[in-house]
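So that you can tell them apart, the chains are marked A, B, C and D in the order they are listed, and the count of residues begins at 1 in each.
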């Protein structure tokens, strides 16, 4: 298996879903059951991507495969030199793994959707959109430069828009779609400016070239501040896409889309693209940038967790949990736990997709009931859904023997180490708090949905387990939430093949003085770093090791605590949730209403912009145009004036002449003059005035 | 003994000129306005003759004055015809009432 | 000696002599032909053509007629024949020819068919006056020729007597004109007093001396300018223009707006050039004798004229009146060519006049043809004509666009040359004012097009069909407007060949 | 090279067509339409022939030799009397990388607009005659290389435009038409003045060795041709060059239209019939920016460098201001009109950068805006034809009723938003890349990026208000697109997406020229500028 074959296969993988999209859009109207073609294509892509992953990880484990061609060439530009904008793909281990993750989940979601979406009037269109999404997502994964990253970034935004607003007859759906796109654009602007900074300095978009240049000490505008800025700005893209505070508000609303879409896009893949981006630019992040990222991530995970505590919509809970988990990953990048961030991305993708599809199964069974207060006891009616859902919940809560435990624990260890090394203890504190809350609200969800007695009997009676095409994906995904796929030792993720062999922290390229103290290499390490052999300072590695067990124990405790409390509240009803809510009314309301962030945004940014727009429109209409029209009015006025000149001004002259004549006493009679005479008077006066002006002395 | 010189003629001419203009702009009757015009023309005539006489310019001035007189006559003829025409249409010859054409 | 001088002089004024003969023939014909006066217009046409032939045969000729052999400046005569004069005479003749052709078509004129002999005789009187105005270099001849022209035109303005406004126009024109010429005469008398001569060339050499009373001279200049300014209807001596243009028969209005103005301009230019310019340098710049600030005066007057004209035109509802104000504005533009005091400016004036002749007469012709049919010159009555009478509307549109000065019409070339002259003289501010005036003028010209095409008529507009001869006549004016807009080389070359003003 | 005068043909063919139409009897509206369609189709074919024979490596800009398809002969040749000099005006046409995209755009948009004109019922003959005259004027502006010729074409379009808006327009058509006319004429008189000023400042070396004043654009670009005492020589102490530049710029800016000269645009667009809006937005607005690039930049490189910040500032204002005002609109067409203001701001911003990337982006944006906005106006036209309303709040749920139409709308809207894979993205990105690279205007560029957010805001909001939500029962019987409408939308969609995926298809045409332009503008020192600016 040679490189070019891998490249070609990757390109085929990339374009297969697009082919599906085009086929479905243009032929969907005429050919029935065309959606199966799309499912088939995805299956094909999945197989190919597994092949690619296998080839990459086995034969080219340490070597990145890059292929590119020139997209835009601007010749020899004056004062700049040649500018070539390239398109290309870069396959490293992360890419290879992501290919499989994306294709797998996408395939499963396609499969799930066959039944879930049956009967929809835009059935084929739906699969077409899924196709274009998959294409764009694979593009993000495969690209080797920032511009293409941005391009695919926007395209996933488009597919997300189309899929959230799929049921556009509902105003809430089209609102949510619009909101998602626009909120994402805010982040994208930052990302775009970040890319602009890099391009301005390096005249290229290619990751490797830029990183290499930074490594050589060639900084944007020769300033570390600009490097930090570039990092943070590009991270803003991730803030938007991965729904980080303060741009997280779109993701819960995005649940208006069909549930499989939520699973694919708004839980497993697209939202993880932000984390993927952070992972990609990790090497160029300065300490300041990383700190910002860590804080944003931690704060996001916390705030989302607090909101998730009180939500009653099954998808909303999952949505906020997604936001929270994404915050985790981002925080992980920020504290330098690169590998665990990516690891969590992968594990989270599986169990969160499973959760969403599970919720889809529930919703399907309950005839589009989403409120968990109206559920309960579904365990019996939907056993497979229940068990897969439970496994995933256990995973996300960080219970041992699950994938979630492995990745979450690593992240928590990372934060702990970070806290020790930099004394930013707040970040690990938030991390553990969130872990507890996650366990609590996830089990609250499970208990309220599946345990206890049914609260809506009518719907309960009609509920039934979903058909095979829907449960099969659940089973697959639940299976993937077990530790065994990643490491043989359920308590030592770092020893597993995933982290040991496949995903390694790359060497920082930022100037040494801009890094965290603990990331500065010693002299020998610096030499080694140039060759990409050592990635982190020994100190950091050691601290990570130190943090491993305390983090594990702590996380076990907090997760257990969370689960326990959830059972106390909802299963055994030892404590009344309502009473507590009554007691902590303010906090409860704050949480239930998502901290009023939507309202605040509406009142400030949205209304502000619209209001400003209206003011400007008024300004435009009345003032700017008014000036123009005003000058026209003045012109008309002047013309009226000169038009009436003959009648009035000249008459005025007459009167004046009358007065004047009277003054000299030549006539006491009031002068009776006609128009011709007024003209003549004017001539006479003109002559006098001209004489006064042009007299030669 | 008062020596009549150029200045005196010019003063007379200026007075005539002013009276003529005054008549033109104040008289109601079109014929009276025409009289004013005659005054203006004749003030110029006085100038011509006086300049010719006192400036030793030869006979040119006098000849010009003759031309002007003839022309004034022609003008008066046409003018009166027009005034007559006006009288036919408007039944009066008050120039200030003939203002249908304006603005 | 005296006889040869006289023969020589007479040979230089053959066109004028021919005109006089034609005038007499017309009067006689009017007497002889009692009933059927159909022949008279053709006699007039022959007269114009004959004059035209004689005028053109003078082309390239230059000289003085009626020199004063007694004077020390014996070489300068009362009449100057030069290519500049011939240019303006041609303008006058072409417009006369067209006016006669217009008169064939005009219903107004058809109605007074019994007095048609007088009509043409008076027109010939005007032409004769203009011819002398154009070539006169003696103040008295200037005065006399102006009066000759004026007296004829006073009558013509009220000639049809079909409506009150004819007589009124006539009276106003008369009174205003008589006063203006009176003032001018007074000015001339002052000049005579200062210099002892009425010959412009001699005045020119005399006023360069130190003993001239500058105040009196300035007074005289302003008075004379008032007289000429009234003829070219420049502000502030323009007040008669709209009233008379509106009241007069349309053929006469058209004639006044072009021929009379041409004669006035020729006179003004010749007067200033001959009297006040000391020399013309090789680059074509005219150097004024420093006795009177003509430059500032004319700049002020021209800006005032075009601004007043344009602004007043904005609100006019009568087409003739609107065109009257527009012709005032155009007088302002034409004066711009003079303010630069250079041959370049003179070329611009000549080009502008050639173009102005075409487009202004064209516009009047179309207005007349429309008035023939709908009996109104009111702009509101034009509503919807664009659809029903495409040919007339399109041609009116072209004439008006050309009057605005938009390419690709000849009007643009005229304006272009004016602005070229201004920029060449580095008078940018004046050019900007003039350009802004152009923008203002668009508004009222386009207003006509708006009524023709855009405004929905209340009642179904009549469809005006044009006879073959009318179509030819309109086309004869319209095609050159477009042709010269695209290819103006012949126009410029012609103007250039007509630059010569005989002088010191 | 081709054996026939392709540029004259492509320019004057519509005029020929106009005469044929005028000669046709009145009762044949169908023939008139087909004839116009044929003529515009031939124009497209000619444009393609031109492109096929185009030499991608010839620069043009200031170098006559590297212009292509040159047609040059003496048009006005007035041999002067010595003190007057000679007037020599050439009929001079040629294309380079700056004009070729515009020629292609004009041909394309004219063709599409003809299709869109099919619904015209009122005085068909007059409409199409004026339409063809307009077409000729537009084409002429882009191929003329003599300033005089350029100006004639520039003004030639005004009148047909006036009538096309004024006769076939909406309720306030008279107001809109006169406003358009007066406004643009106001701008063009300044152009005229500067043209005359340039004429007197520079001379061209004739074959016989004499130097005469010239309107030849290429000669006017060469600083060596300026005489030190010329009115626009940099030695002139009154900063006349600066004033002239501003006047010229203002003349072009009105056409763009640049804030605060933009207010004619919404009125003109709202009142104009659909095809005329298409032409207006698709081609006419480009003349302003084209004029700046073709004339202002190379003839006044010194001032351009001096004022680039201000140009960028106005670009930024256009982007942000246009977008914000668009947000507040309730009329579909007005919204698109303001979006045009916003999008033309990108062109200004890109031009202001004076870099290859930025100017490439600017020209590319000109082309893309032409296609995208044309499509947007066609979209408005389709809905207006069917419902006779344009109120954004009068619709709702049309996506259910007209799915294909909605599909095209989505494409066009996202193209306007600057979605990657569509042409608008590439040009906007290049504009930003170019502008950001210049330190002087970096902050302005960063503020301008807000435009892409606001753009998404008003476009998506519009999409939602018209097409999403429950179907407004009033429109339950609307028909989806018919064949003619497909024929309008499909070529535009293909071009938009093709150039989004393969922008080099267009960028390669202009790249050489842009490089040449940039190096010319950034390095040319006016030899007479030593003492002045």
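Keep this in mind: a contact is a pair of C-beta atoms (placed from the backbone, for glycine too) under 8 Å apart; a residue touches a chain by one contact, two chains touch by 3 or more.
All figures in this text were calculated on a predicted structure; none of them were measured in a lab.
Here B-C and A-C are compared, and the pair linked by more C-beta contacts is B-C. Nearest to the global CA centroid, when each chain is reduced to the mean of its CA atoms, is chain D.
The centroid of the Cα atoms in chain B and the matching centroid in chain C are 27 Å apart. Each chain gets a centre from the mean of its Cα atoms; for chain A and chain C, those two points are 77 Å apart.
The distance from the centre of chain A to the centre of chain D, with each centre set as the mean of the Cα atoms, comes to 36 Å. A straight line joining the Cα centres of chain C and chain D is 43 Å long.
Along chain A, residues 643, 646, 675-677, 680 each make contact with two or more other chains.
With touch defined as above, residues shared between interfaces to two or more other chains in chain D number as follows: 182. Each of the following residues of chain B touches two or more other chains: 21, 24, 33, 95, 98-99, 102. Interface note: chains touch in the pairs A-B, A-C, A-D, B-C, C-D.
Every residue of chain A that touches chain B in the complex is listed here, in rising order: 643-644, 646-647, 657, 661, 666-667, 671-677, 680-681, 684. The touching residues of chain C, when paired with chain B in their complex, are 140, 143-144, 147, 151, 154-155, 158, 161, 164-165, 167-172, 174-175, 178-179, 182-183, 185-186, 188-190, 192-193, 196-198, 242-244, 246-247.
Chain B meets chain C in the complex at residues 13, 17, 20-21, 24, 30, 33-34, 37, 40-41, 43-45, 47-48, 50-52, 55-57, 60-61, 64, 67-68, 71, 74-75, 78-79, 81-83, 85-86, 88-90, 95, 98-102.
Those residues of chain C lying in contact with chain A across their complex are 171-172, 175-176, 179-180, 183, 214-215, 217-219, 221-223, 225-226, 230, 236-237, 239-240, 242-243, 291-293, 296-297, 300, 307-308, 311-316, 440, 443. Contact residues of chain A toward chain C in the complex are 635-636, 638-643, 645-646, 650, 675-677, 679-680, 682-683, 686-687, 690-691, 693-697.
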